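Chains here go by letter, A, B, C and D, matching the order in which they are written, and residues are numbered from 1 within each.
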Amino acid sequence: MYVIVDLCVVPLGVGVSVSEHVAACQKEIRASGLSHHMHAYGTNIEGPWDEVMAVVKRCHEVVHQMGAPRITTTMKLGTRTDRDQSMAEKVQSVHDKLDT
Amino acid sequence: MYVIVDLCVVPLGVGVSVSEHVAACQKEIRASGLSHHMHAYGTNIEGPWDEVMAVVKRCHEVVHQMGAPRITTTMKLGTRTDRDQSMAEKVQSVHDKLDT
Amino acid sequence: MYVIVDLCVVPLGVGVSVSEHVAACQKEIRASGLSHHMHAYGTNIEGPWDEVMAVVKRCHEVVHQMGAPRITTTMKLGTRTDRDQSMAEKVQSVHDKLDT
Amino acid sequence: MYVIVDLCVVPLGVGVSVSEHVAACQKEIRASGLSHHMHAYGTNIEGPWDEVMAVVKRCHEVVHQMGAPRITTTMKLGTRTDRDQSMAEKVQSVHDKLDT
């Protein structure tokens, strides 16, 4: 099962700036080799379900290891069995409707 | 790593009523033996990370098997290393502040 | 337009415990008179769109006034035009499928 | 109060493809003149609270007018009082930590 997720990991108890923790998370995502795209409120990741979920778990582990005592993560998960569709194709599909 | 999640599985392409699919998902959650609480916009589940994530995956598998060609799920995941805290304690902690 | 939301307000930069801020938010929700239900990872609220959104805004205002420099909120919003459906009916609809 | 949101509007009861409805929503966002960025699982929008929320409401209205009987939307909302921070600055802040 292939999944496209949107992941937003928020450490609590580390003060108001969270970009260092988010960057550590980004490094885990990069290291996974999975296709991804960071935006202003999360990161899209696509790939096989178990691989993507393994990265999400590593993000929690790494952010706790950095000293964050608490994490609240928000995630969307999209799967489909009717056809393959990449993140790029999802965006393109909307742009096609906008340009006509 | 212990996690409290809030899970909301939404099947697409099955019409406007989704309660049958949500019920199938509920059965998977019950079968897992994990502590859970259903509300009007999702279900809280708590337990060890891998067990909770296994249930989420089974929910997607079962809902696809029922014929839903597409699923979009929303999930929150909370972990903490400073102390144990159950779902009931989270709610109680807020009620304590309200009643004083 | 009637809406059922699930609201989870998370203050950042106030330490690891957030229950005081969540309780302040609860007071705003109660004061609104809107039907609501708190669970372990948020609060369901139902009512007319503008009234519900006004409460969400007041939650942000109040939590900032308490000293939180930053807030990240997660929200689900459900609307439907085919029929009226309360939060209680949503939950009942799933339970009906489970019990048969 | 200035807000950065991530908005994902999902119509139910319109079949498996939702890109036409998402495109209609995009047109409302563009028409608002607010700064925004679409990604594979939603759209970031930034601006004054009331203006952003007005666009979200118009999205629901337009998607219902197109015939969707039911909508489930997921949204994240970020506000801060300690300093101004645009969507571009949020992303840049993480990239700075990654490149060093």
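The rule is simple: contacts are C-beta pairs under 8 Å (C-beta built on N, C-alpha and C of every residue); 3 or more make two chains touch, one makes a residue touch a chain.
Remember, predicted model here, so these are calculated numbers, not experimental data.
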item	value
From subunit B, the most remote chain by mean C-alpha position	D
Of A-D and A-B, pair with higher C-beta contact tally	A-D
Rounded Å distance between subunit A and subunit C, as computed from the means of their C-alpha atoms	25
Gap in Å, rounded to a whole number, between the CA centres of subunit B and subunit A	19
Centroid distance [mean C-alpha coordinates] between subunit D and subunit A, Å	17
For subunit A, residues that touch 2 or more chains besides their own	13, 16, 69-70, 72, 74, 76, 78, 80, 82
Touch list for subunit C against partner subunit D, complex	1, 3, 13, 49, 53, 56-57, 60-61, 64, 69-82
Residue ranges of subunit D in contact with subunit A within the complex	4-6, 8, 16, 19-20, 22-23, 26-27, 37-42, 44, 46, 74, 76, 78, 80, 82, 87-88, 90-91, 93-94, 96-98
Residues of subunit A defined as touching subunit C within the complex	10, 12-13, 15-16, 18, 69-70, 72, 74
